[in-house]
Amino acid sequence: MHIGLVGLGKMGANMRTRLRAGGIEVTGFDRNPEVSDVASIAELVAALPAGRRFVWVMVPAGDVTRGVVTELGDLLAEGDVVIEGGNSHFSDDAAHAAQLAPRGVGYLDVGVSGGVWGLENGYGLMVGGDTALVEAAMPVFDVLRPEGPRDEGFVHAGAVGAGHYAKMVHNGIEYGLMQAYAEGYELLEAKDIVTDVPGTLKAWTRGTVVRSWLLELLVKALEEDPELGEISDWVEDSGEGRWTVDEAIDSAVPLPVISAALFARFASRQGASPAMKAVAALRQQFGGHAVKPAGGS
Amino acid sequence: MHIGLVGLGKMGANMRTRLRAGGIEVTGFDRNPEVSDVASIAELVAALPAGRRFVWVMVPAGDVTRGVVTELGDLLAEGDVVIEGGNSHFSDDAAHAAQLAPRGVGYLDVGVSGGVWGLENGYGLMVGGDTALVEAAMPVFDVLRPEGPRDEGFVHAGAVGAGHYAKMVHNGIEYGLMQAYAEGYELLEAKDIVTDVPGTLKAWTRGTVVRSWLLELLVKALEEDPELGEISDWVEDSGEGRWTVDEAIDSAVPLPVISAALFARFASRQGASPAMKAVAALRQQFGGHAVKPAGGS
Amino acid sequence: MHIGLVGLGKMGANMRTRLRAGGIEVTGFDRNPEVSDVASIAELVAALPAGRRFVWVMVPAGDVTRGVVTELGDLLAEGDVVIEGGNSHFSDDAAHAAQLAPRGVGYLDVGVSGGVWGLENGYGLMVGGDTALVEAAMPVFDVLRPEGPRDEGFVHAGAVGAGHYAKMVHNGIEYGLMQAYAEGYELLEAKDIVTDVPGTLKAWTRGTVVRSWLLELLVKALEEDPELGEISDWVEDSGEGRWTVDEAIDSAVPLPVISAALFARFASRQGASPAMKAVAALRQQFGGHAVKPAGGS
Amino acid sequence: MHIGLVGLGKMGANMRTRLRAGGIEVTGFDRNPEVSDVASIAELVAALPAGRRFVWVMVPAGDVTRGVVTELGDLLAEGDVVIEGGNSHFSDDAAHAAQLAPRGVGYLDVGVSGGVWGLENGYGLMVGGDTALVEAAMPVFDVLRPEGPRDEGFVHAGAVGAGHYAKMVHNGIEYGLMQAYAEGYELLEAKDIVTDVPGTLKAWTRGTVVRSWLLELLVKALEEDPELGEISDWVEDSGEGRWTVDEAIDSAVPLPVISAALFARFASRQGASPAMKAVAALRQQFGGHAVKPAGGS
């Protein structure tokens, strides 16, 4: 099998490597000529063998993805398939599919998990779209996904959009899990009778209810830097966490834990919190409570 | 009527002033001789007229209050009444009452709200204890409480402990209210199309659903310092907020808002958050995400 | 002064009454002929005197409002002003203004607070738009707003959209305030030593830190139904609460309290919670913990 | 090695089985004679060989544990060791140790994780106490803990109390993790384009960031009951979750996620929520909003 792959950033390049190692021929395109196999998306399409052509898109979500899908729509033909594997919002997928449908170009959306570890361990794949297309692309999915039973690392989650929706929810859960471990870590650190915090977390990696891959990563981080002294408490958030809470609001689903995890990240990036200045000001007003002057120690 | 008042700090001294202005004779004792009317609690008790004697205790909760109650138990006699108006935990009240009961000394617990404004506006009073004692002490309560109908500023909330319990819940609510206004303030500040944030809050003080005394205080704070530039975002918490959440846990009552307000205060006082360092470390491990080095800008 | 008013539902009809009582002539239109003064919006516009014409729009947000604004754009002329007083999302306002601008029709957005009480007490008004237009419409605002100083019930909050933005934030705060009181109410109800819960809340209405109009309403509700036995725990939410959290996410503002209040409403309307079924299932899996069968008591 | 084991409930009996299978001789006592090896704790102590004797206590926390520790204090002698492996609050451990110390009886506290799966997989062990005692008891720990490197399933976490503290934090984290998965599950269930929710969760078990043992259990639960139709949304909580939040409050550690998970369990067990009745009553008061009458559908 021979596919096209648009986007050879960190993720895309690793995926190309894993695909080739698994026996899939890949023609890759990237704006960066140093990593690109061809000079343009048109060349990429031209390089693919006759018959149903597959082009995997792995570029930044939003305008860039929209642009690539549009360009592919012009270059591909009846029976070909665009596989959108980036971090798009699931609502973009219906638009992409509708845009390609008049030309008979099929569309699959794929949520891809695994980060930098995916090259070695395989990528968790969540796919949305028509069953016939999913089956046609299965050789590609089978190489990308982790070894083991197909259903432990791959799912055809539903209609177009379901792949990115599932990935969005996956990332929302990830926010909650990380914050839960982090709160527990802080409680351990706060207690003087606990003298081996990294060891305690490591002891949880077998036999306990909380064992997980994220826990193993936290253990690894603490082995490298037992006090996390080299790292600041400033935490970025990606679109998926926000989208998850947005979606919960649209669907009237209570999401106290995932939203709390998201807000903790927002707060981590603030200098002085306007809200807490207001609370301090209020306490001063009604109780004559001492406040810290701004800039005070 | 002539009562004793132990504790002439900011609150106690103001209460003495209001009581005297209202026609109640007060003999006050404080460790600080400059503000004290007598040299000892024994002298204070001796100064009270014959018949049922009332001593109001207004000292720091915990050991100091326990010490004063114990001393009063030795000095008072059958029919006298201790009124504990400090910020004690409600569970202390049953112990105090049990300690005094064998001598026939009655006990009332009073939650007092109003802060520095109480001198002028009157104090909100929540009382726990026997009805007969509450009625006997009513002349004192009537002077301390705000003018207006008695039931809009005073309540006999229930048995011993109910006064402090009600005050604890009052303060827990206060945490939630303050945080709600503060979050709204921050949202206004964050939006460029809103150019008059202090004016917006002021406009809410009449006719709106959110009008309240706390809102008026926030307006006042913003009139004094429109950007809250002179105040830090470091917010202390008092015992009552913590006790409210503890009590919710004991009673299995969900308390998402009040607990969130309490945790926001905890977070406001942290330098680097260990939890968020752990989240940052996790993101770095699984995704190769950039982290800020500690001390970085 | 003589203005047009489109939309005579509960709010619009009350506003017409208050405007007329305050000396503003009003021609009102509603799809319901029983309450309408004219048969169409065209007739309404025709009924207004020459010179700058003002039409206040008070219809459901979204498509209905968009339709009315579009129709007014066709009927009005250079110098006229549309005042949008409904519950629109602030992002609609820029679109409305841009739509009207080519014809020289001005646009103001007004957030209106006060609910059914506004007829008597006046409405809190938050206005967005150009200063000249705000000043031109001031006679109308002065009648609608509560008596007292103008700035305690009215604000020109900023540019187009700022009025609805401020109202959105107002409602978000309202969610947090209500939930804070409600949590406190539940804690009081849960404690056996507190025997007078309605009286305790009533006592807070003067002299305390938590006194507010909402508290007075809760006291009133408890006077009518001391156990709230006639009311279910099912709580609707309006768009503004959701929009407030959405906006916080867009602006990366932590909003733990207001979001918790929103989620509590979502949860109140669920029958069986899928999330809690999942937690119960998990506990059963790892611990052999007993679960309740569905439909069990 | 030959040890005593007091308490042969579900956990204790399984541990006896695993210990014996691992070559540790065990004399067990339980109030239930059908499972007990001896008729009394005195007989149990008498059955142990001369030299340092170890008695593992695995009975309900609180009074029962205190009673057994006290009885063992009377029966054991200088150099013997009590290992408290139940779900005690960490603050009990210092008291236990202090009670035994005058007789020269040593004390270790052990947090044990693994539930019903521990018999087969081994138990995660977190130990508090003196290093010499921990080393002396290591043959017992090595049999109980999971196979693999010792530090991936066992930790000497710190001083007396550190074992139970670590287990408490472990369980608090567990609450947060479970709620995070559960919220994600509900979001998937709420979305019509996602047609294979159990398959989506199963696909996450390899290669993704959220893979964990708890996720595997949720997958198993959904394989047994794909709609969770046989299970109610009523979720119990154990002491450790509450203790974790209590401890956070004592230590001023923000715990938004774990507390939200705890409160969600409280809410799951409520019939009508008093708080949400209060919110509904408030909405009715200020807005004339419709409420559901109690008992309405």
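Each chain carries a letter (A, B, C and D) given by its place in the written order, and its residues are counted from 1.
We take it that a residue touches a chain if its C-beta (ideal position, glycine included) is under 8 Å from a C-beta of that chain, and two chains touch if they have at least 3 such contacts.
Keep in mind that what you see is a predicted model, and the values were worked out from it rather than measured.
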Minimum number of chain-to-chain touching steps separating chain A from chain C: 1
Which chain has its C-alpha centre farthest away from the C-alpha centre of chain A? B
Fitting on CA atoms only, what is the rotation between the copies chain C and chain D? Please report it in degrees, nearest 5. 180
Of A-B and B-C, the pair joined by more C-beta contact pairs is B-C
Centroid spacing, where centroids are CA-atom means, of chain A and chain B in whole angstrom: 47
Taking each chain's centre as the mean of its CA atoms, chain B sits from chain C at a distance in Å of 32
Could you check chain B for residues that touch two or more other chains and list them? 115, 179, 181, 183, 186, 190, 209, 214, 253-256, 260, 263-264, 267, 273, 275, 286
Interface with chain C, chain D side, in the complex: residues 10, 115-117, 178-179, 181-183, 185-186, 189-190, 214, 217-218, 220-222, 225, 228-236, 256, 260, 264-265, 267-268, 272-296
Considering only the defined contacts, which chain D positions touch chain B in the complex? 209, 237, 242, 245-246, 249-250, 252-256, 259-260, 262-264, 266-267, 269-270, 273, 275, 286
Would you pull the chain C residues touching chain B in the complex into a rising list? 90, 113-115, 118, 121-126, 128, 145-146, 148, 151-162, 165-166, 169-177, 179-181, 183-184, 186-188, 190-191, 193-196, 199-200, 202-215, 244, 247-248, 251, 253-258, 260-261, 263-264
